[in-house]
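Each of the next two complexes has subunit A plus one other chain: subunit B in the first, subunit C in the second.
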Partner chain A sequence: MEQLIYVAVFVSLGYFFGRRAEKKHFKSLIEREEKMNKLPAMGSRMPPQDGKYDQVLVSGSVCIANDYFKTFVAGLRNLFGGKISTYESLLDRARREALLRMKEEAYKLGADLVFNVKYETSNISGQSSKKPPIIEAHAYGTALRKL
Partner chain B sequence: MLISNLEFMTGKKVTKHLGLVQGSSVRAKHAGRDIMSGIKNMFGGELTAYTELLQESREEATERMIEQAQAIGANAVLNVRFSTSSITAGAAEIYVYGTAVILDDPS
Partner chain C sequence: MEYQNPKLPENNVSKEHPIKEFSTLLIGTLVLVVVISIALSVAGSSLAGLIPYSAEKKVAGLYDMSSHSDNDRFPKIASYLQQLADKISIAQSLPPEMKITVHYMDSPTMNAFATLGGNVFMFRGLLEKLPNENSLVTLLGHEIAHVKYRHPIKSFGGGIAVAIAMTTIGSSADTNILGDAGLLSTLQFSRKMESQSDLEAMHNLNTIYGHLNGGAELFRIFKKARGTEDVGSTKSPSEFFSTHPQDEKRINSFKETAKEKGWSESGQLTPLPDYFNF
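After this line comes the complex of A and B, so read on.
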């Protein structure tokens, strides 16, 4: 009985704080993405063929932890299968944040373009299924500045 | 030393390919950080300590790759890739690899 109460408290705390944090994060993501729109990042492997460019490797990464509510919902979902939307938003946030950090670094260096952007996502909390996941998203690319 | 994840550079010629160079680094998180992350796991949010740890780890791996490239006389590393794997709970391996080349104009 006591354990049930603990779980209920943690789930509601996780729901409350987790949702608040997520909303705040999405808001700041949208704002910063708009600001960074003038610096295009591309997945293309071909650098532009005209003119000379100065280039440097830029990267951005972020580690995001899951909250208790998300872990709980995902645990339930595992029984029935199907879309785990709580994890989808988590990964979406992590990737967008990583890309933004990369762009911000490139912007500081005065770059005009970022080429050959690659994403990499990993779970750094280990293989044990007991521990809630910590996700790391890493984005890297080559920032080009026209000479 | 020029590091890039492009396969070639416009206006620069590769005069010699020297093969693959690599660097890796394994880092564990210390207990204090682990406890903090346990708390963060309730509420969600960014784990700044881990982000920094992995960043440092990546820098060190890149450093090692550059050392190796310098040892074989390269002046640039092209087509650089990163990879991360978690070996056990609490430790992550960062691996960086790329092709060491000699460029005619490495500026």
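After this line comes the complex of A and C, so read on.
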């Protein structure tokens, strides 16, 4: 009984705080993406051929912790299978934040574009299934500034 | 020309509200757990009923039951209870290998229970409330009937089946179930089992005394105790009483059974011996 109360408290805390943080984060992501819109970031491995460029490696990474609510729902989802929608938003936030940080770095360097952009996503909470997942998303690419 | 990224739609994340998914999953899981537990419990208990009594006795022999009893300190009471149990065993025509061992417990808990291997535990807290031998025989007869109908092993089997399943899927089941404590506390009988034992107790009461007088008194004591809550000291009494049929029903069932079988409801009550004074 005591355990049930703990779980209920953690799940509701996770839901309220996690959801608040997520909403705030999405709002900020959309705003900052708009700001960074002018700086193109592309996956293409071919650099532009129209002149000389200064080049530098730029990267952005972010760690996002899961909340108890998401872990709980994902745990239940494991019994039945299907898409774990609570993790979708987590990964979406992480990738977009990492890309944004990379673009912001490139922007500070006065870059005109970033090419050969790649993502890495890793779980940094270890192998234990008991720990809630904490993910790191890392975006990196080559920033170019026209000379 | 200034570069412009197209505005991407926000469609990476499912639009379903997380609470909706949460409740669907939670209800689904609970239903699944309940259904599986019931199925396992029923299957486990019916299979356990097939275990021969000799094997049950061996398992019970692994635990030192007498270490929990205060028979040594109260030899007179213990031998009196044992003597009654032997008499009841004959009245209930228990097979000879089903030997009942009564353990007296000098504890204020208002309880009595039967467990594996024909071991019956009687607590001072309940015994001191009994007015006469007739009600004591009803109580003892009820517990002995549990042994006769193999209720402890059936209940144990059902519990083990559920515990094994829980441990297999990784949740921390009460692993104590296989230990000493589990043997003494986790046995819970269904209402059907309790009614069956009640009927058997009435039968042996009639066989021994020739009437049912004093039997229903036992359930009046329970009813009273439940009302005042002044029972036992350790665990809440409701835990023990909850699976038992309602007191009122049990008191009435004495009347009904007496009528049905043509047994007398009045008769001489046998007093308890003097040393049975607490």
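The definition used in the following text is that the second predicted complex is superposed on the first by the 147 of 147 C-alpha atoms of A that agree within 3 Å, B and C clash if a C-alpha of one lies under 4 Å from a C-alpha of the other, contacts with A are read in each partner's own complex, and residues count from 1 in each chain.
The rule is short, and it goes like this: a residue touches a chain if its C-beta (ideal position, glycine included) is under 8 Å from a C-beta of that chain, and two chains touch if they have at least 3 such contacts.
Here the structure is a predicted model, which means the values were calculated and not measured.
Chemist: Put the two structures on top of each other at subunit A: do subunit B and subunit C fit, or clash?
Modeler: fit
Chemist: After superposition on the shared chain, which partner residues are touched by A:17: those of subunit B (first), subunit C (second), both, or neither?
Modeler: Only subunit B; A:17 stays clear of subunit C.
Chemist: Looking at subunit A, does subunit C or subunit B touch more of its residues?
Modeler: If we count touched residues of subunit A for both partners, the winner is B.
Chemist: After overlaying the two complexes, what is the shortest C-alpha distance between subunit B and subunit C, in Å?
Modeler: 15
Chemist: Can you list the residues of subunit A that meet both subunit B and subunit C?
Modeler: 70
Chemist: Any idea which subunit A residues touch subunit B in the complex?
Modeler: Against subunit B, the touching part of subunit A is residues 10, 13-14, 17-18, 21-22, 45, 47-53, 55-57, 59, 61-68, 70-71, 97, 115-116, 118, 120, 122-128, 131-132, 134, 136, 138, 140-142.
Chemist: For the complex, give me every residue of subunit C touching subunit A.
Modeler: Going through subunit C, the ones touching subunit A are 2-5, 10, 12-14, 16, 18-19, 21-22, 25-26, 28-29, 32.
Chemist: With touch defined as at the start, can you tell me which subunit B residues reach subunit A in the complex?
Modeler: Per the stated touch rule, the residues are 2-11, 37, 40-48, 50-51, 54-55, 58, 80-86, 88-92.
Chemist: Quick one: in the complex, what on subunit A touches subunit C?
Modeler: Residues 15, 19, 26, 30, 37-40, 69-70, 72-73, 76-77, 79-80, 83, 85-86, 88-89, 92, 113.
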